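Read from first to last, the chains carry the letters A, B and C; within each, the first residue is number 1.
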Amino acid sequence: MSWTFNDDRPIYIQLMEQIQLRIISGVYKVGDKLPSVRDMASDASVNPNTMQKALTELERTGLVFSQRTSGRFITEDSNMIKHIRNHLAKEQIEKFLYNIGKIGYTKQEIIQLLETISKEMK
Amino acid sequence: MTTDKNKLLYDSSENDTVSNFTNSNLDNNPILECKNLVKSYANAEALKGIDLTINRGRIVGLLGPNGSGKSTIIKLANGLLTPSSGEILIAGNKPGIETKKIVSYLPERTYLNDWMKVSDVINFFKDFYDNFNAEKAYEMLQKLNINPNDKLKTMSKGTKEKVQLILVMSREADLYLLDEPIAGVDPAARDYILNTIITNYNENATIIISTHLISDIERVLDDVVFISYGKIFLTKSVDEIREDEGKSVDTLFREVFKC
Amino acid sequence: MLGKLMKYEIKATGRTLIPLYIALLAFAIINKIFIGTGLSHKLEGFGSIPFILSIFAYGCTMAAVFIVTFFVIIQRFYKNLLGDEGYLMNTLPVTTITNITSKLSIATFWNIISGFIAVLSIIIMAFNADAFSRFFYEFFQAFSDGYAQFGIQVYIVITEVIIAILVQLIKSIAMIYASISIGHLFSKHRILSSFGAFIVLNLITAAISSAIGIAFSLSNLSTLFDNLESSWPIHLVLIFTILFNLIFFIAYFIITNYILKNKLNLE
């Protein structure tokens, strides 16, 4: 997974989102040790201070915790991760339903359409 | 992989509150201060009274159009120019031998003499700078496949510039002054330079990058200083600009300095 | 720091000069072989061409040694402190005084060496065992005569002469540096301005020297020289010349240092 940013929003917020995504999708597994701030910043081509800020904020949410001598780790709480995953999914779906509603589909039509298209995508 | 430096970063995070994000205060004094700094020449005023304070552990962009005074501030900071009036202080000292020991400067042009080999230049830096880390320099050269036994005369301009950057970043200085480090450089080299800046970051040192190519380096900057016609226009953090204005620094710059 | 700077000065300048010295001595030896073995007399017509070429090459190289020494002194100062390399040299943690001193000392050094090598090459060519030992005999004879007549004064005078030459040398180099620095003050036509400054400084030195000379001859001090039995007048003249040049040397050094420290303006 590569890092993508747009330049009109603070980077640390975008970093938080993308790290969260990696955690949720399993790129960073539960309990994993994160690379150092410097390495992560270098990987994402961002200022280490910014990466630090993003990680600190993530600590606040509990997704990430730090141990003085050993570094930063992903939470072991897989329920939390599941929760966030569901929340994000819900957000995406609500956005999708809103947009597709504008085109004028009914709920039945939407579900049928989803099944057809996902079969095609396989 | 975890080093003591990283440990310090983690330590600082324990004390931080939401709104007050500062770096660990190994050294509390600002690394650069300008107090009503004026520099005038016979036919022009390059700087018309600059007030500026830059703290340690920041990567700062000094941004402005050509001729705005960026290079002048940098030259005043490394002692190549003397103020006409006002003051410029590096870690509380006027530019002189003590400040030159802790300032590492990368000018726009190549300042290495051609007849030397790369290894000669490394020995030169080792001779004059106590805080020069030769192993680091050799490591970086190796990663770029530059042979230390090559003569500078035989190298392309781009390679010479990379050598210079490596020399400057191999010093464990308190203040790095990079004057247009990515102008006239191909995109791959640009990425390498920005990556070198990121990986060489340490919380006690500050990096000031003077440039007019903003979109390329925006993500690497903590703070920006807009300068125009010898006066400071704006000093803000990049995050503030994006949050408050909802635009990138590059966009804001173009708006502000529209001809 | 001064020692380190001097080390790099020698490396940078020696690269140009030492090959010339070697070439000069080589030609001297070649010429000596020609002369010594009498080949120069035996060969006629085309045979003598190699010898003529060799003498010619020697002459050119001799001229080159002095011209290049002069240029190296100028160019080294100009290029290394006021050109692109100035971005490095002037941001080193050394004082401008140290920087100037390193260049001045090595410039003086090469001047002296060039002189020695030149003389050495002549000695090589003209080496004739008899003439040589006769020369040395007469040389030392003059010394012991002088010692018999004037006592230890002879050696003191000789020392003073050597010091006077040295001071004259460093004064000249400092004057060149001051001229180049003054030229640097101008934003355009720097080289022309340096030449102009050099001429002006020369005129000033000449004017002051003449003024003092005239004042001296008009005063009663010249009567001191009527009595040649005492060697005091000679000391006086030499010491005065030394002091005079020393003052100028210091003045030029101060000018150069002031400009490099406060009025530096690299492109």
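Convention: a contact is a pair of C-beta atoms (placed from the backbone, for glycine too) under 8 Å apart; a residue touches a chain by one contact, two chains touch by 3 or more.
Remember, predicted model here, so these are calculated numbers, not experimental data.
Nearest to the overall CA centre, using the mean of each chain's CA atoms, is chain B. For the pairs A-B and B-C, the larger set of C-beta contacts lies at A-B.
With respect to chain A, maximal separation of chain centres occurs for C (centres as means of Cα atoms).
In whole angstrom, the spacing between the mean C-alpha positions of chain A and chain C is 76.
Each chain gets a centre from the mean of its Cα atoms; for chain A and chain B, those two points are 33 Å apart.
The geometric centre of chain B is 44 Å away from that of chain C, both derived from CA atoms.
Across the interface of their complex, chain B is touched by residues 5-12, 35-39, 41-42, 45-50, 52-53, 55-56, 59-60, 66, 68-72 of chain A.
The touching residues of chain C, when paired with chain B in their complex, are 1, 4, 8, 12, 15, 80, 84-88, 90-95, 187, 261-266.
Put simply, chain B touches chain A in their complex at residues 1-3, 5-7, 9-14, 16, 18, 21, 23, 57-59, 191, 194-195, 198-199, 201, 215, 218-222, 238-239, 242-243, 246-251. Interface residues of chain B, counted against chain C in their complex, comprise 42, 75, 78-82, 97-98, 100-101, 103, 105, 107, 109-113, 115, 124, 127-129.
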